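Listed next: structures, encoded as structure tokens.
Common to both upcoming complexes is chain A, partnered first by chain B, then by chain C.
Presenting the complex of A and B:
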């Protein structure tokens, strides 16, 4: 069967981001993932229905091998409980991370820097009077410390993709060594894993093997590498980038009709 | 001996400045009706432990909370907890962020009666940034400062398994724990369906435990299957029967979330005036929770009732509108 290609404009940038994320998760079919709240839940649901049916889902509120029959709205949603193998509490949900069982963590965030550090705590210079208060650490810090791989999902906006995060919630490749706060490579602190990919609403970014600095690997149809450069808060290397495969209408249809018909996640 | 009391009596036991944790997480199985009574009784200077979502955010809006020490301050799909967000940005609430596993093993240490526990949970992150350590601020408002640890963490080299630098994390102790659950025996034995979140540990590390429940049943009934029980009666001080006590959130096997109500809450509470107006409508009524559920009305609530065997209302069966 030939699949019909959806043209840019027939889907929103956020829908594109979720579709490419679901495709990316094909690489984790049969693997164990700890899935964060928000759009990662949506992309995971799409992946389970399409490219990664055997992915094993752990959730921080204590579900092992969750198999939600419809899109969860919340991270402790009853939709995650029903059909799971085991339902305990948050500690039991998170400890697969610290036991080194989790192949990948999948999170959103508000700000990311060129080293793949993610901020989901606050924006601004003053912790005690932030410009914008965010959701906090929940799961995000733990995934970044313990997962063998971290995949990050976030809309591509200049103010969100910065030189260095205002608050380092999820450790990427260059992290802070306390008590001084010196910047060091994560392996120096004995942290395994690290982020392999940042999937945005414009493309897929990866991290250079040597410098550990983010570069553009793929740009989505209708987006030019220059657009990515113009919408990134640091001088991102786009020289290695190629265009991503097109989006198919069946992927968008699944998202709109089966997964989030009520547009709870405001993807469109 | 029966521990069943009225909501008013139970919440009356909470003192200004208590260190408090509420059960459930985000908008699921939260003691919302209990939090509304905390606001009605005008409690002050509470130190909130763990998360600040739906029910906690109501207490923040009601001016009951001076400090927060925890891991999550959002209502999930409904946005950052609006009252907390506003007060944090004004600088009028003390914040001390910790990690989710920090919180987990901290509350387990509290339950085990050990002073601290070690892990790599927040190594490399700003959770360990001394400039963001507001534990002292939280201690300064607590009625019993000794309930909170003297230090946020200590770093040391792992002497046992060569894991490198690890973080010693103090036990989480509590003055009060309030949980909303599906079923409780009249002597306090608790049965939870769905995620236990932290309730099964937190209730065992608190000085005073208040359980509100969809159903209070004879103790002999709940003891027929003790392996299914999650908190022993020996750790529970007061029991309150409170059907729909977690509305507008979910209670697995009982009801699904009331999405329009949650959206309305998020919108209303962007300003303090908005919260006050919302509170006048939903909290400050003559007969407390009874008036609240009567105002919601039978037809609205009926649509939220969980459909067996799912434990929620599946979309194909008319749910979640």
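Presenting the complex of A and C:
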């Protein structure tokens, strides 16, 4: 029985982002991942139901290996405690992360730059008088520093994908060395891992092996590479991009009917 | 404001006496002006927070230290009590932007707010350090990020044995910790079910601990399952019995997060007038937690409880 393909327009860009992220997580079946709050939880739920059922989910609040029956609304939600194999406290819940035992981290953010640094602290103005103050650092910093691989999920908008972030919350490939504040490669500070991919609502981006600058790897059906370039706040290389495999209707149906029927995450 | 590490005083051990009291008595007795208040990432002590806001004219100023919070710190910030917040994460989560927090930081309404950023890991390590009576503790987290540039209290040093860089965070010793947990006995042994976050480290780090619990149980029951005990009695000053005491947030094994209420609250928090209107009705307009539960509606609270018990209830084997 062939799976029916969903045409672009039958699903929203955010739903596409979540489905491609879940497919990306298929490569982490059986591996340990630290999941951030927000849309990464939806993608993880979809992945656990379809492509990587044996993925081990860790969260910063200490629940580990949970099997949520209903979509959790945050990482503190009691729905994420159901079925978990072990419950740790805080900071104990992050000790596996600091021992480099976590295979990947899955986070969102407010701004991302061409080196994969993510900002979730403030936008515009300066630190003491910001134009828009945001949530704060949360555990994204810890994920960016320690996880063997980091996957970032964010909607593709020009004002959010910039040349350099206003505040470097989560270290990407070019980080700040203190006390001088000079920009160095993360390996120089002894940080392992690093972001490998950025999944947006338009495509999947990766980081060049030598320059570590973001380039477009795959664009989603219905999107043209020129659209991606127009919606990015720096001059992104789209020459190496190919079209991603199409989305199937059963994936969209799973999202809309079983995972988030009430549209709590405002995906559509 | 105190930045010097405070030596552990004699007599910090509390005796095994009868500690059950009302929230009003506990807050009146232990929280005063310029209190340095700590809250954990797990169940939110809403009943204690509401009482602090009711007594805001007496308390006037607080310095808050948290790791992650959704909602409860905003209730305190909007009331004009908070002068400084040491935090890892403070936002509305799925319920939306925390406009109360944004207004305080960006515009100083209702009162200018100083923010000290740490990562979740760094913030949690501060209480771990204090619980071990250390003045600071090292972590490799936060290296490479701007947190170190803007927070002068985090100092990067070379590890004395290997020479590798390590970020030292200062220990945090709150004056008072307000904690919500599952159950306690009358002398103050506290047990948490499910998510317990920083409960154990914060209780050791703080000078005084006020705990609000869903159930009061006997000491014999505590002794049956000592693994569940997160706070031994000698750290606890006051025990407050508050069923549904974390509303609108959740308590694992008891009730779910009240998402429609939270969404509505954040809509009202979009303006300072909206915050004041909500607080006048639900906080100042109720004299204790029972009246607040009546205002929210016990039918609603019981539905939240059924929603949680559909999948997990303590003591049942599924």
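Everything below uses one rule, namely that the second predicted complex is superposed on the first by the 268 of 268 C-alpha atoms of A that agree within 3 Å, B and C clash if a C-alpha of one lies under 4 Å from a C-alpha of the other, contacts with A are read in each partner's own complex, and residues count from 1 in each chain.
We take it that a contact is a pair of C-beta atoms (placed from the backbone, for glycine too) under 8 Å apart; a residue touches a chain by one contact, two chains touch by 3 or more.
Keep in mind that this is a model prediction, so the values were computed, not measured.
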Have a look at chain B and chain C on chain A after the superposition and call it: clash or fit.
clash
Touching A:261 in the superposition: chain B (first), chain C (second), both, neither?
first
Of the two partner chains, chain B (first) and chain C (second), which one does A:249 touch, if any: first, second, both, or neither?
neither
According to the stated criteria, A:132 is in contact with first (chain B), second (chain C), both, or neither; which is it?
both
Looking at A:141 after the superposition, I want to know if it touches chain B, chain C, both of them or none. Which is it: first, second, both, neither?
both
Could you tell me if A:157 is touching chain B, chain C, both of them or neither one (first, second, both, neither)?
neither
In the superposed view, which residues of chain A touch chain B and also chain C?
37-38, 60-63, 69-70, 73-74, 76-79, 81-82, 87, 89-91, 94, 97-98, 121, 127, 129-139, 141-142, 144-146, 167-171, 175-179, 181, 186, 189-191, 264-265
With touch defined as at the start, can you tell me which chain B residues reach chain A in the complex?
24-29, 51, 70-74, 76-77, 80, 84-85, 88-91, 95, 97-101, 103-105, 107-108, 119-132, 134, 155, 163-165, 193-201, 250, 252-253, 256-257, 259, 306, 309-312, 314-315, 320-321
Complex contacts: residues of chain C adjacent to chain A
40-42, 67-68, 70, 87-91, 93-94, 98, 101-102, 105-106, 115, 117-121, 124-125, 128, 139-150, 156, 164-165, 194-201, 230, 249-253, 256-257, 259, 308, 311-312
Enumerate the contact residues on chain A facing chain C in the complex.
37-38, 60-63, 69-70, 73-74, 76-79, 81-82, 87, 89-91, 94, 97-98, 121, 127, 129-142, 144-146, 167-171, 175-179, 181, 186, 189-191, 264-265
Touching residues on chain A, where the partner in the complex is chain B:
37-38, 60-63, 69-70, 73-79, 81-82, 87-91, 93-95, 97-98, 121-122, 126-139, 141-142, 144-146, 167-171, 175-179, 181, 186, 189-191, 261-262, 264-265
